[in-house]
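Here come two complexes built around chain A, the first alongside chain B, the second alongside chain C.
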Partner chain A sequence: MLASILVTGLVNGGVYALLALGFSLVFGVARIVNIAHGAFYMLAAYLIYVLLDVVGVGVAVAVPAAVLGTVLLGLLSYWIAIEPIREHEGAVLITTIALTLVFQEVLLGFFGGHFLANPSWVDGTFPLLGVDVTYQQLFTLVVVAVVLGGTWAVLERTRLGIAIRATANDRVTANLVGMNVRRVEMATLAVSAGLAGIAGAVVAPLRVVDPLMWQAPLVTILAVVVVGGLGSLKGSILGAFLIGYVEAATVFLVPSGSFIKGAVALTVMVTVLLVRPEGLFGVAFEEER
Partner chain B sequence: MFTWRVLKRPFVLLRTEVLVLPSRVAVLAFVVGILALPLFTKDPYLLRVVALTSIFAIFAASWDFLSGYSGQVNLGHALFFGAGAYGSSLLQHHLGWSPWITAPIGAVVAGGVGFVAGIPCLRLRGSYLSLATLAFPLILVGLLFALPDLSGGELGISGIEPLVRSRVGFYYLAAIVMLVSVFAMWLVGDSNTGLLLHAIREDEVAARASGIDTQRYKMLAFVLSAFFAGLAGALYAHMLRVAGPSTLETAFSFQAVIWGVFGGVATIYGPVIGVFLLYPATELLGGVPWVGEHRLLVFALVVLLVLRFVPEGVSPWLRDKIEVVCRRCKARNVFARKDCRVCAAGLK
Partner chain C sequence: MFASWSRVVRGALAFALAVFASQALAAGTVKFGIAGPMAFIQGEDHWAGAEMARDEINAAGGITVGGKKRKVELVKIDTNEILNVADAATALERGITRDKVDFVLGSFRSEAALAMQEVAMDYKKVFIVVGASLDQLSANVEKDYERYKYWFRISPLRSSDLVKSSFAMLGSVAGEIKKELGVPVVKVALVAEKAAWTEGFVKAASGAIPKMGMELAGVWQPSATASDVSADLTAIKGSGAHIVFTAISGPMGVALGRQMGEMRIPAIPFGINVEAQKEGFWKATDGKGNYVSTLNFYADVEITPKTLPFVQAFRKKHNRLPTYTATTYDAVHVLKMAVETAGSLDADKVVAALEKVEMVGTASLVSFDKQHDVTFAPGKTMPLGVQWQDGELVAFWPNGWNGITFKGVKPFKVPPHMKGQ
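Take a look at the complex of A and B:
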């Protein structure tokens, strides 16, 4: 039981961390509450399904292709729909909602509403503390660790990362010292869509793929970023594992827990907010005027 | 002579205050049109669609009262709708009270839920508030699923008594409740209170510095908005005779945001226009081949396209096209006039 909770929470938390990190980056840099983030994750999962099961290429080709495709679609939707109306916050919000619906309906039209299952990429299990862990789960964990580490290195060590953090910190000053804020935003969006793409790609063989799969993780990552503190990367990652474990514990300990795991996770979020309105690691920044 | 004058007054008011502005003529035409519709058609499907549209109009306008006016962008507005629907249905179903008593109680229950939801929200602002409110309806759904004996679980409560049995009767009930509640919200929004809400949205610190108890007004916006959304929810439950978890869905909360922003926020009438444009269109397009199967896609594309070119919403854009504001006295005029109708200053 305990081992099941540990493994499930770790895997789910890792996927949430990938998603929440991307969401948090876009919010921090561009101040966009990107509801379409879940849709990018879904798109990548469908791309994996198409590339592996329909086209029939190998995993080594399919994963980079799916991630690249997600990044391109993300940038494209930003150029077409969001960029021209950036001034209007409300319009941007519902544009991201409408984009999500468009993706959902297009996928529904092409693939139908039923669940599509992907075969595992690596077969077999190994015992750990009395539970069977599939190699697929281990693979997911490795990918999550590598990608999180890579993103961390990019953000901390490269010029792009410094530009992203500077823009998130203070847009006006970043612009004043000569950063092209628009290009930084584009780059952030690409990184964010890429992270969502990787999350979708590694989830595809673990779960079934369907056109409504964006909903459940979306609500969870919103809870994660709020718990961790909006725009805080450390907070997003820790929040992701916290929520991942809370959900796993609810599923395994409470009867019919999978129905209420979302509600429990969100209650945790509200509780955190009541104690710390800016989240665990959020900065209580002065009101932006 | 004197009585003649009293009798003439409404007509004078109509001529001098209503017929001078296209937007006011449009409102008058809308009210008359809604009330007169059953005289021209008895088509039950059409009446049903318009009655549902009216209910959603209350819902969207109440979202606007909270999110547009006080700037507390609520992404979980379905919470109040669902609270009204469940509140009224539970009382009606378990206690057997008349729906005429339970529906207002449902609205009051929703107002109470608004108060409870408002308490944590007073401490939050901006995107934190939006994301936290998104969670509330899902928490309520979890609670309802945890108590299946009381709430009916996933299926909800069915077989609720209707408020009125005849179709035309219910149509009028929905239409009149819609007109009255939208007008009431517009009145509050146009009053001193509404002005304070605008001030809080624009700059909360400055508003507090000017001696406004911002917490109280933000809470007021929450409770009033929740009350009207709950009223809409109760009407909806008694119309469909079922209250289920679908009233609390995230997609339904997003619907309110789409209707509101599409119509134009912080206006009250904007979201009503948004609902009356979008909902019947998506509903009536259901019969068209291809479009009917893909109406959600068409709906999303229409919203995307319209916002791409009119990001401030349809109704403010339209209003600016047909009316000009006098630069001297700030009175509104028809775009065709050369001089202001109030102060006679040139408009060009």
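Take a look at the complex of A and C:
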């Protein structure tokens, strides 16, 4: 059982990490609690479905096109709905919820409530510590590593990354020294939407594609980023694996209570907040980020 | 100035005339409120089945009420109950008070059906459930007949009867596994979504499986909205289960089918899986849902002489197999029969007629028991056992059970990857 918990927690943690990265990034830089992050994940999954199933292009075209499409939709959403109320954090939060519901209803209108599927990139299973893991799940772990490395490289090694970090650190000073803060925030949102798009491309084949698919991961993402510390990328990764392991342990130790795995994850979140209100790697420990 | 006032007056007159004319026309119809989640396949089939019945009845002149022929008029009541259970009761109340429906048919989620039952009983409207299985719905009729007598259920069976019939099928599936694999004791993993309708199922199955000579490998209860059950399946694989006995009505049914195929879990998924009853299941699982088996109410088999003509007509119109919520077709017909017997739209008279009705339907021989549930008995109403076999939904049960074999059933298949275990 221990091996099963270790492997399942690792695999699920990888999925959660991929979903949480973009959410955490956009909060860290722009201080936007972007509830619509799950909606962008869903939009990418639908774009891939349409490109593969309706347009008939291959995966090599569908995935980059869907990620690009998600980035464009993210930018459009920011430009139309978020930027005009940018200074009002509460209004921004509610707007991202509204955006999510708009996307949900539009997809419901176009596709109905039918459950759809995106094909796996790689079929088959691999025995890991005696537990069969699908190649798609392993592939997700690889993508997490690549995305994390890529995000780190962009933040640490590029002018855009320096601008993003400077804006995250002190928005007013960044503005005073001549940085175009608005453009930096838009770039961050584009990166975040792109990450949601990549998650949609890689994770959706493991799940069901439907207009409510944003709901289930959203609660987990919130738990992950709050446990890790809002805005902290390394905190999100750690939080993702922590929640992944907590959920796996719940399912294996209390199978008839596997429906409470989400509640257990939230309990962990509350417990961490009680002990460390800023999360494991919250802002207090991330000032040099 | 005078000209503009004249236009206003003429407009108002035209509007009043249109309202009067529509009401006059509506007075000559019998209004059926079709209540379901219309953005989802359950609601789509509620509507599709009712539409086919309406077209047939209207083509034949309509329903005879007190010696006069009246056309059938359908009113769409979108309950939105899959997204929000609370919307269902409001939608139904609007259908009754604003659209003035004479009868109500439909519902899907048991939680929504309970709330809708109260609304329909408040207004003394005959409400035939086509979609929700909770026992409590029909138990209410026996408990307080005067209040709940307007409530009936035509499909599916009540949960406890679904359990009984699924046990009969489980015995048959276990027999196939014993024969094919040569195992002395068949192990069963119970997977039920956490919902009101599965509570009785879990309790009954946990007790009955050992009594049936099988071993209960464990009980797994993921959330009703789970879209990933890979952790549960890893644990189930470790338990050595041969059968994954399911009670699932939501998206988890798709996830389970797909992930069992992807992870090559050496067990047969069988039980109640509402998503697997739909032809879209194969595509939704990316073709990985092979061998998934479930109770169902329609397939290309002859349950009654009306089944195949209905299934074929439905397929011709909608290019797919009907799901069980399309039994609104039977519900409209049974109400027509009751109204004509009663000679009136009066709810009490229609209830009295419904209590005595006997009708050959498309999915069963329709009659109602003392709880106003469709009568569950061999030869009356019983579900089918169907299995996905290489992209085709094939009926395998009943095949000799209690001497009953439906014309068109095919052999059950044990997945080849179970044989090497």
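Here is the rule we go by: the second predicted complex is superposed on the first by the 278 of 289 C-alpha atoms of A that agree within 3 Å, B and C clash if a C-alpha of one lies under 4 Å from a C-alpha of the other, contacts with A are read in each partner's own complex, and residues count from 1 in each chain.
Note that in this section contacts are C-beta pairs under 8 Å (C-beta built on N, C-alpha and C of every residue); 3 or more make two chains touch, one makes a residue touch a chain.
Bear in mind the structure is a predicted one, so any value in this text is a computation, not a measurement.
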Exercise for the section: Answer with first, second, both or neither: which of chain B and chain C does A:Thr8 touch in the superposed model? Expected result: second
Problem - Contacts of A:Ser120 with chain B and chain C, given as first, second, both or neither - result: second
Practice task
Give one of first, second, both or neither to describe whether A:Gln215 is in contact with chain B, with chain C, with both, or with none.
Solution key: both
Exercise for the section: Scan A:Val106 for contacts with chain B and chain C and give back first, second, both or neither. Expected result: first
Practice task
Please work out whether A:Gly262 is in contact with chain B alone, chain C alone, both, or neither, and reply first, second, both or neither.
Solution key: both
Exercise for the section: List the residues of chain A that touch chain B in one complex and chain C in the other. Expected result: 109, 215, 256, 259, 262
Fill in the blank from the handout: chain B partner, complex, touching residues on chain A are 27, 31, 33, 35, 80-81, 84-85, 87-88, 90-91, 93-95, 97-99, 101-102, 104-106, 109, 215, 219, 222-223, 225-226, 230, 256, 259-260, 262-264, 266-267, 269-270, 273-274, 277-279, 287, 289
Handout entry: Sites on chain B touched by chain A in the complex
Key = 73, 120, 123-125, 127-128, 130-132, 134-136, 138-139, 141-143, 145-146, 203-205, 250, 254, 257-258, 260-262, 265, 294, 296-297, 299-301, 303-304, 307-308, 311-313
Problem - In the complex with chain A, residue positions of chain C that touch it - result: 37, 39-41, 44, 82-83, 193-194, 218-228, 230-232, 234-235, 237-238, 251, 254-255, 258-259, 262-264, 275, 280, 283-286
Handout entry: Interface residues, chain A side, partner chain C - complex
Key = 1, 4, 7-8, 11-12, 108-109, 112-120, 123, 125, 131-132, 134, 136-137, 205-208, 210, 212-213, 215-216, 247-248, 251-252, 255-259, 261-262
